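All chains are identified by letter, namely A, B and C, in their written order; residue positions are counted from 1 within each chain.
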Amino acid sequence: MTAPTYDLIDFDEVLEKFDPTLGLEVHVELSTQTKMFCGCPTEFGAEPNTQVCPTCLGLPGSLPVVNRSAVEAAIRIGLALNCSIAPWCRFARKNYFYPDMPKNFQTSQYDEPIAFDGYLDVILDDGETFRVGIERAHMEEDTGKSLHVGGATGRIHGAEYSLLDYNRAGVPLIEIVTKMIPGTRERAPEIARAYVTALRDLVKALGVSDVRMDQGSMRCDVNLSLAPRDSGELGTRSETKNVNSLRSVERAVRYEMSRQAGVLLAGGEVIQETRHFQEDTASTRSGRRKETSEDYRYFPEPDLVPIAPSAEWVEELRGTMPELPWARRARLKQEWQLSDEELRDLVNAGALDLIEATVAAGAPAGDARSWWVAYLTQQANTREVALDELPITPAQVAHVIELVSSGALTNKLARSAVDGVLAGEGDVDAVVAARGLVVSDEGELVAAVDAALAAQPDVADKIRGGKVAAAGAIVGAVMKATGGKADAKRVRELIIERCS
Amino acid sequence: MSADPGSPGPTLGRDDVAHLARLARLAVTEDELDLFAGQLDTIIEWVAKVGEIAAVDVPPTSHAVPLENVFRPDELRPGLTQEQALAGAPASQDGRFRVPRILGEEQ
Amino acid sequence: MSELIRKTAAELAELIRTKEVSAVEVARAHLDRIAEVDGAVHAFLHVAEEGAIQSATLVDEAQEPASPLAGVPLALKDVFTTIDMPTTAGSKILEGWRPPYDATVTARLRAAGITILGKTNMDEFAMGSSTEHSAYGTTHNPWDLDRVPGGSGGGSAASLAAFEAPLAIGTDTGGSIRQPAAFTGTVGVKPTYGGVSRYGLIACASSLDQAGPCARTVLDAALLHEVIAGYDPLDSTSIDQPVPSVVAATKQGASGDLSGLRVGVVRELTGEGYEAGVQASFDAAVRQLEKLGADVVEVSCPHFTTGISAYYLILPSEVSSNLARFDAMRYGLRVNQGASAEEVMAATREIGFGPEVKRRIMLGTYALSAGYYDAYYGQAQKVRTLIARDFAAAFQQADVLLSPATPTTAFPIGAKIDDPVSMYLNDLATIPTNLAGTAALSVPSGLADGLPVGLQVMAPALGEAVMYRVAAAYEAARGPAPMPEVKA
């Protein structure tokens, strides 16, 4: 008997009839030097099975010892998510058979996670804040990697045999699970994406992981269920794996909403199952059917002793927290006098770090911002690179800004200087000299000043008479005569000198 | 399982044993099913005596030794070479362990 | 010198140190003995002749003795990984397996200059009380070759009683050192849990397993104890404290004065269920201690009687998880029946594991199942707490506790193999110590109907010193113990 096929319901219609409930599980691979329970390296890309030892290979007789840095990272993630840190917790064994797990159990945490009951305030595109509840964050170890050989697509279905590499087995993972997220309505896909983005930024700010979804150091599973609109009930949820980008998070939610609505509206029942996201079609596909649901037979890990972080240790770690992303944004909004829209534009452009660094190098915030957001963004777009990939540093930009405000360069010539740096012609001063962007010769300046004064004798008289303000016209004339390359400030000084 | 989980009352039949064998990846024979069913049933009745102890407020012990916070620093330690790792492997290829095709799914 | 095999480890060490005899001579004498009797006893699964001579040669060439036991031969239970010898844990599933690393215990023995003669027989994965569950055939008790030597460490104990080695290492999860010691008339010690590293000890029940010294005298056991014990950063459950001074305590004990010491007889571990001969031997031992000046008190540990049920829930649960790694994918036996990994796994485990192991794996799987955890494993862990409390209360009243090590003497081979529960009851007296993580030993207390009986002395965690002291005092007062002659 073939499975019935259902329609995909249009998004708006889904929302007319149903309320979605979201749940997101994110696994973060820590960037510690060594694995969770042994001293093997965690570096990516080594020859297979060259970063293993008796412990992470699960050899008979081997034993685990907990990596202190991994615990610290877990606590810091918990603190950043406003969680309570367990005063006492243990590891547990999650028992199931699979060849990528050397012990055929995973050392994880079950009912005693190290961090629990927190939240993350997610700022949406329109500036609205949505609070996502965090159920728990806990420590566990990663599995090895399997290559399936012989099948058509290199995937597990139809493969003849598999090849196992255990380099990744035992790498520390932190699993972060949200509470159920109701009330998202039509913003469910957006909120899911915004949450994963915010979590990524937060973990990145902590410096504990590369959080690259495209490299697998951050993995997301999307849980979704639908209930009849305004019923307050809970539907049956599906779990979607293989969600490898932020965009896929959004699309997976959207697809599942459409699919489940189609099932429910046709009178069918949503099956509680694991599905796989298909990148190419932005859809989800059912995973292998299981006979019975998995019983992991959890029990406390007898080879490890409890972890009891002292209050002092937790406070010490709280003190190492960097300024977290939204706190920083709030501060910059205030310091730079930005509106919500302006801030949002900067965040979306990825310009915040660059502007802040430019300000740190001495430039005024307004100038720093306008350079990065306008001219430099233009240059990045032309070159088809990200802003932070442009071959110019914030310090260099700050120097250019200084030259403009001192009058040494006009805005136009400043852009020329920037062009030169981007073209690889050298540092700012070198480019300015090589391109002849300023008149540095004093004698030339004096000659130009004298010539301008001679050309406007009545203005010259006014200046001699004490009307210093009138010098402006002479400065303008000199700038015009030198094609903007004169140092305006020096010109003004010379005018005063020559007229006194 | 045919036994009632609320009270540890045994009655482990053949089917129950077959289910346990599957969970534990043991391809037990038909004869073994009968033998083990009888033996396990007896053993479970005997170990269920733990239920006779009233221990509602007693905390469980999972460690005989009251140790806490045993850690190692995040420092490299020499491991095995690829050759050593694969030395006992029933089959290997290209530096990896070669295993028959896997039917189940990764968790 | 064939008489070399009759000497104690302490005596051999001294002879070697003074160069009256070479370590190589000592090794050869024992290797010859093994060749002579092990066909009948079957204590050894692997004899490492070449490695032993090499190791002994190094000792003879060394300027300074590496330890007080340098050059003394030893039999190592085949549950410890050894990089130059196969390690099977008594199972077909690891037949011929050569580990790529040494256990910490192995490394410490080598560093001490001890000559490892080979690996000894054991019940498969340390599950059993007779060594009959070895996949490589049972070991025979040197006292009567038709009887079991006890288990799971029957090979180590038998090698001592047969004079194949003066020292051995065993592991004790529910009595696997102490019960064979009692059955073979030798000394066997279970240190405090965490006292000796478990790194490289193929796991049975992680929260119960402990490696320990085995010998023919208390002093020899103490000397070996100080070689292997101590903190290991590779074992998270290892205790970071100084090793108790058991050699000094032994020497003090041998002076024979126990005045001021309180010894507690555990009511629940005597009487009903204990053979008359065993009970008589125990009672005599207690009187002996009294004569040495000890105050004898009776203590009650009411939860001890439930200990065995709790044990046979906790152990199988941990075993079911610990043995999951044997799946034919990375090492060990692979039975190529079936096309899928799952089928190969199941076929391999079916053929590679014996019936006792399979029973315990299924029992453990059951006990940990959803819906059963609280009633079984969860409840058993609570009973464990109650047993620990019983010990704590008893140690308020006495410095050491006493009981017979086993309810019976060595039973005939085959007598209990078809009745699992009757086999489990061998561990009645020894199990409470494993559950509480405290220390205990068995020291020979004479014969009953021509078969050895063991006296169990129990001490609080890290209280090994007083335990060795009492055992040494008793041993000195008892006088020379009879030893068997193996009819090869």
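Rule of thumb we're sticking to: contacts are C-beta pairs under 8 Å (C-beta built on N, C-alpha and C of every residue); 3 or more make two chains touch, one makes a residue touch a chain.
Computed from a predicted structure; not experimentally measured.
Of all the chains, the one whose CA centre sits at the greatest distance from that of chain A is C. Interface comparison, A-B versus B-C: the higher number of contacting C-beta pairs is recorded for B-C.
Centroids of chain A and chain C (each the mean of its C-alpha atoms) stand 56 Å apart. One simple way to say how far apart two chains are is to compare their mean CA positions; for chain A and chain B this gives 41 Å. If each chain is reduced to the centroid of its CA atoms, chain B and chain C end up 24 Å from each other. For chain B, the set of residues touching two or more other chains reads 23, 25, 62-63, 65, 67, 70, 72, 80, 85, 97, 99-102, 104. Taken residue by residue, chain A touches two or more other chains at 54, 57, 65-66, 97, 99, 162, 164, 295, 299, 302, 304-305, whereas all remaining positions touch fewer. Across the assembly, chain C contributes residues 97, 100-101, 207, 233, 236-237, 320, 324, 327, 329-331, 341-342, 345, 365, 369 that each touch 2 or more other chains. Across the interface of their complex, chain B is touched by residues 97-98, 100-101, 192-194, 207, 233, 236-237, 239, 303, 306, 309-310, 312-313, 320, 324, 327-334, 336-347, 349-350, 353, 355, 358-359, 361-363, 365-367, 369, 371-372, 375-376, 378-386, 388, 420-421, 435-438, 461 of chain C. Residues 1, 3, 5, 7-8, 12, 16-17, 20-21, 23-29, 32, 35-36, 39-40, 42-44, 46-53, 55, 58-65, 67, 70, 72, 80, 84-85, 87-91, 97, 99-104 of chain B are the ones touching chain C in the complex. Those residues of chain A whose C-beta lies close enough to touch chain B in the complex are 32-34, 38-41, 47-54, 56-57, 65-71, 88, 90, 96-100, 106, 143, 146-148, 150, 156, 159-166, 274, 287-288, 294-295, 299-300, 302, 304-309. Considering their complex, residues 23, 25, 62-63, 65, 67-82, 85-86, 93-102, 104-107 of chain B touch chain A.
On the side of chain A, the complex with chain C involves touching residues 54, 57-66, 93, 95, 97, 99, 102-105, 162, 164, 295, 297-299, 302-305.
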